[in-house]
Every structure is written in C-alpha cells, then in structure tokens.
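Labels run A, B, C and D following the written order; every chain starts at residue 1.
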C-alpha cells in the first residue's frame, strides 16, 4: 500500500475538499496520511519523512498558494525527499487566471502535477498510479 | 474562567493597551477613543450600517452586499467604487486577507510588497491592519455607502479597533463562527474572549450614542449545515454580543437549496433571535437578517453560476431577508474580477427589486419546517445552557467539547466533527449521523425518516456516500446528489 | 360559415393541392403524404416532441427550449447544434423569419440572397418554406432532440406541410394566437380556417399512428396580459385542435412577474385545459404546459437580464411547467448570438435541475388566485360559447368583434383593444379598463379594489399612466411601475 | 401644432412601443398621425403628404429595418417630401451590433436621427423640438 501525504497548506482552512480526498484515496487503496488544514511546509515534509510517503498532495484553495508553495520542492530535496512526487490542486492562485500559464508557473517551482479548480480527485488517481507504479 | 458577563471598562482599557502593540499601526493617534467617537459621530446617516439596515427593514426590502478585497489600497478603493457604481451595492465590504485573519501581519506586509512588485494582488483580501486607521479612513471617505469588515479572524481585536476608529460601521464575526470554520486548534475560551472584546468596544460606542452593527457569521462551513445548527450559533453570539452592549445585530444564514427550508430558516432566524434576546433580558436590540447566496462549491460555468446567484436572490427576497451577501460568476475559479463581482450584484439587484412587493406565502409545509427548526434550536440551546450551568459562554465551551453542538466539515479540533448531514428527497438538509448532538429521539426519527425516503427512491442505503454526493451536487448542477459509480468521474 | 367541425378528408386534400402551389418548394415529391408518414414513423423516440413531453410530465421535470433561427441553412444547423451542445437544450426550435410569417416568400428569398452576400443574417429567423422539405430534413437530421417550428404566422399551411413532412414533430400557433398579436387586418374566420387545416394535418398523422405535438401560442402580446385572457385563448385553441384530431397539446403562459399569480396561472392552465377538453368530449388528449420567460421589454443590462431569466426559471420549475421557453441576455438588443442564447439556456437549465424535486406549496393566497383565474376563464368561455350559439369558432369571431374577449396591446383590428391592464400593489396583473370584457360585477370589483390599493399606496389615481409605467417597469428594474414625472426621463 | 407621422415599418407587428409613442407625443403637444404596425413606405409617405407632416418617425423592432428602410429617403424626396425629417428607432438591425456603426449605416441611408434600442421616447422630444423649431 503506497503512502501519500495530503493536507492544506498555509493559512488556509478549507477543510471540505481535504476530507473528501482523504475518503476517496483511502477507498482507492492508498495509505492516506492527512495532516489537515493550516499546515506548513515543515508539517508536510515531516509527515512524508515519518511515513516514508511516495507523494505529497498539497491542497491550496484560498489563493495564497503561490506564496505558500515557494521553495517547497527545494526544501523537500534538502530533507532527502528528492524522490517524492509533488502534486498541487485546488484554487491555487488568486482569481480566474489562464490555467496553462498557472500550470507552467507551478511546474517551474518543481511540482510534478498541477490541477485546475474543481478537479475531481478520482481523476488524479490514474496519475498517482502511473507516477508511483502500480 | 470566561463567563457571559460584560467586561468592566477598566479591564477593557488595560487589555486595549496591549492589543494596540500587536502591530505598528496600533500606535496611530487616531486610535484615541475620543477621536474615534468624534469621527464616528460625524459619519453621515447614509454611511451608517446600523441606520441603513433599520431603514431597509422598515421598508421590507432586501439590500445587497458583495465580498471583495485586494492587497493594494488604491486598487481596493477603486474596487469599492466600482462595486458601488457598477454593482449597485447597497453596502460595501472589505474582505480581509487570510494572513491578517491569522494575525500574520508580517506575511501580509510581504504580500503587499510582492503585489506591488508584480502589479497584481497576491493576497486574497485587504490587509486592513497593515494599512491602519489612516488607510481604512481613505477607503470609507471615497465611497457613499456603509462599509463593513468581513473576515474570519479568530482574534480580530486590533482589526476591530482600527476599522471602527476609521469609521467602518459594521464588523462581521463571533467567538464561535470565526473560530470553528476558520481555525484548527485555537480554544473556544480564547475566541469567545476575543470577541467579547470586539463587542465591548461596540458597546462602548453605543454608550457614546453611536450605533454600530455587528454580524455573527451565519453560514459557518457553508457546506450542508442544517439551519438549526447555524441558528443556534447565531443566537448565542447575539446574546453574547448584547451582553457587551451591542444594540444592532444582523444574524445570518447560508442558502441550503430547498426553497421552503430556506424561507423557514430565514423566518425562524428572525423570530428565534428576537425571542431569545428578550428571554435573556436584552430588550432593546434591533435584529435584522442576512441571507448568504450558496456558500458551497459552485458550478464552473459562469452562466450556471448566474443561475445559482439569481435563485438565491429570489429566496432571499421572498423570505424578506434584510440583506444578502452575493457571489459572482467566477466563484468556482477564484477571487472575482471587479466586473464579474458587479455582474453577480446586478443580477441580484434586479431580483430584489422585482420582487420587493412580494412575500413567500405561508403554507402547511412551511409551518412544519419552521416548527422543526424551532424544536431543534430549542433543544440545542437548552442543552448548551444546561451544560454551562446557566452560563452561555461556559455552555459553548462544554457543549462543543461534548459534541452537544457540532458543525459539519469544520476544521477545528474544538469541534466534535461527528455529525454527518445529507439531503432528503426534496433537497432539505437533514442529519444522518448525530454524534452527540443534543436532539431527542423524536427529532432524530424525523430526520431518519426523511433520509430513508430518499434512500428508497435512489435504491441505496443512507450512508456517508450520500453526503459526499451532496457536497459535489450543486457544482455539478443538481441539488440532491445522484449516486455515482466508483471509478467513474461525473 | 366556419364551425368547430373536423374538416372532411376530401375537402382537406382539395385545399391541399392549392396550398402546395403557394411557393415552388410546395412541389417537392417529399410532400407526398405516404412518404411523409414513412419519414415520421421512422423518427426515433428521442426526436419525437410528443413522446419526450410525455416522459417529462411523467417525471415531473421542466424541459428547456430556446428561440433561434437565422437566414442561411448551414448557419442555422450550426446554431441548432450549438444550442443543443452548449445550451443543453432539451428541445430545439426553428424561429421562422417575419417575411415567411407574412407569406412573403419572395422577400424571404431576397433576404437569403442578401445574407449570403453580406455573410451575416439579415433575416430575423429561418425561412423554412424557402428551404423546403429537403432543407428542413437536413436540420432535423443533424440534431439529436425534437424540433419545432415557432413563428407567428397567420397562414402557416404551407409551412406546416413542409415541416411535418421533414420530420419536425411540433408546431406552434393557432387561429387566434397567431392572428391577434401578429397581424393587423386578417379576419379571424380566415385564420381559424388556416389553423383548422394545420391541425387537421396533425390529426391525419395521428390516424396513421404518429403522435405530433401542437402548441397554441400562450403569451399573446407578451405585455401585461391577465392570465385568464391568455388561458381562455389557449383552451379554445386546444378544443379547436382536438376537434381536428390533435392528441398532444402544450398550452402556454407568459411570466407575469408576481410569483404567486404565475404559479396559480400554471396550475390552472393545466387543470382548466384538461377540464374543458373533457367537457367537450375530447377524452384522449394529452396536455402539458409551457412557461415563457418574461415576454415584455427586457433590461438593457446583460447581468440583469440573466436575473430575469433565472427568476422565470425558478417560477416555471416550482410551478411544474413541463417546458420553458428561454430568453437570452441580449433580449433587449436584438436576436442573440448563439453564445448569448446558450448562456440563457444554461442559467435556466441549472435552475430547472436544482429545483426538480421541489414544488411551490399550496397556500391561501395561491388558492384565492387560482379561484379567481378559474372564475374569470369560466366567464369568458361561457360568453364566447353563448355568443357563438354553442359553436366555439363562431363564438371566437363574434366574441372578439364585440370585445367580450379582448387582448391588451394587440395590433389586430379584429381585437376591440378596449381593455387596459395594470399591476396591483403586489405586482399581480389586474384590469383597470374592462371595455366589453365578459366579466361580471363581482370580478370587476375585485380588480378595482386591488388597483385602488396600489393607487392609494402611490398616492395617485388609477389611470392609463399606471399601465404605461408598468410597461416600462421591468426594463427599468422594477415590477410595479413607479410614477414618473412628466418630462423627466427615468 | 406640428404634425408627425409615426408607424412601424415592414412586416413588423410590434405594437406596444407604437401605442406608447402615440400617447407620449400627443401629451407633449404634437399632432400625431399614427399609421400603426405593418406599414409600407408608401403608407408613411401618403400619410405625410395628406397631413402636411414635418417629420416621419419610423419604428422598426423586428430586425428587418435595414431592408425595409432602403430608399425611404429617396422615395420621400421623389414624393416632394424633401423637407420632412426622417427619424428611425427601435431594434433596427438584426442582433446586438455596435450602435455607432449602425447609426452611420442609417445616416448614410438619409435618416436625420437614429436611436438605439430602448430609447425613451421622451428623449426624442428635445430633438424634435430642435429640428422642427419650437
């Protein structure tokens, strides 16, 4: 059973999507480590180290995602999590922006997968399986 | 130990000194209370939130107010002016950014700088504390309608000081409603204290003859919250505010989706709040209601979003809400542009005006729904008061700890998080898991029967899957969530 | 002398020969009746209007249909496909251009040429007669939902022949509803005959086992028409159609603006039409209702128009209309682009889906309004039948001539044009000048009292100025027209 | 009292605005000759000749205005109505078009005044007074 860390980064309290991601990924057979809302980069990194996770799924809904996610990739690498996949989804920037552009911005920041608003979490399961190996 | 008791003025002042040191703008000379009183006294009536609400209620009309706020002061003022002019907003907000809400003023300062550098707002709201009284004054001086701070700040004491001193005549929030949906591990004792402080300041102004409006935050998590639960919180926060001397309160409710349940909720919210305020001896509090357009996940499509917005406006107006908080066609995507925000306002405005002479007629179904809400609220308030041994503040703390009152989908660890809501066959919000919620068997049976009816229609069991389907439903264009097959995306 | 009697088949065929010569496309071999029967029999169920309506009524849901039509065939097909895909239309229309409506096929041909030359549609609809059966077949073959001709054609005999032979399974219109609002000096005797012909054709197909839908045009002038008047026309046209053998009828009503009156209108429309059809001995006619989104002047602003569209959708769904005709945010400006048309559809669609499980509850106010409508309709039908000495067709002609029935704002000289409507204090449409309308004193007193109530509130006399103010009102964002000062533009 | 001819041109049956224009202009002291809906160019011209009108106010709502109004100026001139002012208003073209452009098109066709959709008829009274002399 692959372990994935999920949580909502920064000063963000949007809890609904997080609870549903937890439920759905668990149903799909993942070992879900949910650090919940209001989680810092360190929280994510520590949880991934402790649980030997294969992927970190960052949620950011409230718009500050761009600031909160800065250097997350670098900090993961430094902590020895270079092999861990980084996903991000939710409403990750402020306002309705062209998603192609937003995706580029976050890919440059080192995220492996970037999801637009309203993504059905089930659609990410395919990606997870692909990236982590069945 | 916190109690529902008015804060003695000297204690308040002592605390105040400390609060004003939390960020550099706290040292503004304009925070002198006499100066603030002067400024507020000089606010013309049309910029006074409390007075404009009184007028609206007397006329039986529904006022509209958006959510809006950006990082930079000039752009924020421009936004406010735009929404007043092109959105025909009756009231303006200033939605505060999420760093300020967590008292991370340094983060907010960075956000301002970064926004200046990139020329676009990187903050999801207006960092009012960083701009201080001077900045906030500039906002209100450049608009012609009353303005209110809208946030979600567990500890909003400095923010509250600043906005009122600047002439903002209303503040949203409360010790429960700005904690449970907006925080993870801040104690209720703390937030109740923080909000007693905010209310006490409003009470002080009231003693000086200045009527300010206070608005407990109604929709909580905005996600399948049964009316009786949000009503209970609204009523408790009204009583707590009244004790501190607040005289003008707007209680809120977020659209559920079933028209009759929503109308019943609006009517009972007004009736019950007035009833309980009087029961507790607060006889001179003026109560109005605010209806929040759909607070859950929106459809991605803009035209459909306009449909949702307009449906909400119809319900608010026929339910005689005094105020309505509007959404925009960008809701599912992100903080709206000013144009999109104004579109939501204008669609809302025409409906409130077209239907202003009309009212939802009473009916058997409506009466039943109202009775049910009243029964439930009475049960919850009784249990909370009882566990608090007569003190409401204590009751809140213990009531939440024991799950006697419980809010679905809340992030806070102070919340039991045991109840699960779901819609019945007509889309009315009911409860399928009660946890320790202080409902008697009669009430529970009622909920279960209604949910069973839906389950039968859908040929499945009552379960958490129903709740999940309902969470997604509106964004996918239905109210009652359709059963989804696992692995198949909708 | 025309009578409400089924046209003998030989007479029909003789007439038919002549009709088919009215324009060159009448000579198409596809107009052979056996061929047409074959084609219609081969239409799959999901493209059959009548069958899809039966299904919707059984499920209690509200279907949506736009208005749309352009001059050029390919562009028209593209438009239909767009509205099906991006508007999620349940039914498609083809709105016919105004030259075709007046049988000016040469003008329409010029319009096609001119449109081809300029590359934009100069016609306000689709010239179906000019494209003939072949063109119309191409339309239906390229879409996946049922399609209907919507027009306003006093003499639609050739048009009707062509569309049905092409596989269009519904036709809008009637001898009254496509005359009085759409013509100036065409006699009712003529148009009743024309539409007996159209209905007889549908009756013939019914005899061959093919169920086609017919829809009397409900909203008439779309301008302050009291429900009892449009209901009376709808019921009469249903009876006239049933006599010719029509088995599937959709009766219509245009949104008035007062929610309770509109719901009362929708419910009574269904009840009364069924009642009268049975009374006249037509026991096997399947009746559905269609609600038209606001048919009067729209606001110029697109966001506000979306509000009006959504409000209408709320009423239609809660009133359980089987179908709703949608408007677009371009309504006040001109024929909408396909994108704007689809926006109106999508806003409508989400509301019909969100509210599908819900119904407007019964109430004292609703019952009263329903009683009133029934009383009025009964009075009008009685008077018409009486003056026709028991024959409905004769009654219509004499009834209109004497003003026993009278439609406000109609262009036709066959219409007395003596009544004046205005809104009461709640926005319900009442009558201030009755002309010869066949209402008794009780009914008139009721109307007068309601209007007096408004007059008192507005501190003015009941007068034509009220009517004028009400005509403008919705486009200016209110339902009840506010008194305007002369010389001051609003 | 100045005489003006009003009516709705072509195969157009929109009667509501026409009735209101009649009422309002009469109230403002004009002698209104109303030829109603479904009026041809000849109907307008004949009415103007018979009543010695100073202006013709053409309404077109249904979208065919561009075709129906072709050569109206020329036909008026030919009939000796060169001095008569020509106004047009309503929804005079098909669809939502840039009004500046539409105005140009109709001015080129010889109309003196062109009004956008939803014009309040009272706003035209000022123009009428100006053009016809008080």
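The rule we apply is simple: contacts are C-beta pairs under 8 Å (C-beta built on N, C-alpha and C of every residue); 3 or more make two chains touch, one makes a residue touch a chain.
Treat the numbers as computed from the prediction; the structure is a model and nothing was measured.
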Centroid distance [mean C-alpha coordinates] between subunit B and subunit A, Å
29
So the centre of each chain is just the mean of its C-alpha atoms; given that, what is the distance between subunit B and subunit C in Å?
44
How many angstrom lie between the CA centroids of subunit B and subunit D, rounded to a whole number?
54
Touching at least 2 other chains, the residues of subunit C are none
On subunit A, where are the residues touching two or more other chains?
none
Among line, ring, star, complete and other, which one matches the pattern of chain touches?
line
Could you please write down every pair of chains that are in touch?
A-B, B-C, C-D
Residues of subunit A touching subunit B in the complex:
10-13, 15-16, 19-20, 23-24, 27, 36-38, 62-64, 66-67, 91, 93-97, 117-118, 120, 122-123
Complex contact set, residues of subunit B against subunit A:
98-99, 101-102, 104, 107, 110-111, 114, 120-124, 152, 181-184, 221, 223, 296-297, 300, 330, 332-337, 340, 409-411, 464, 468, 471, 475, 486-490
Within the complex, which stretch of subunit C touches subunit B?
257-260, 299, 301-304, 306-311, 313-314, 318, 342-351, 353-358, 361-366, 425-427, 474, 477-480
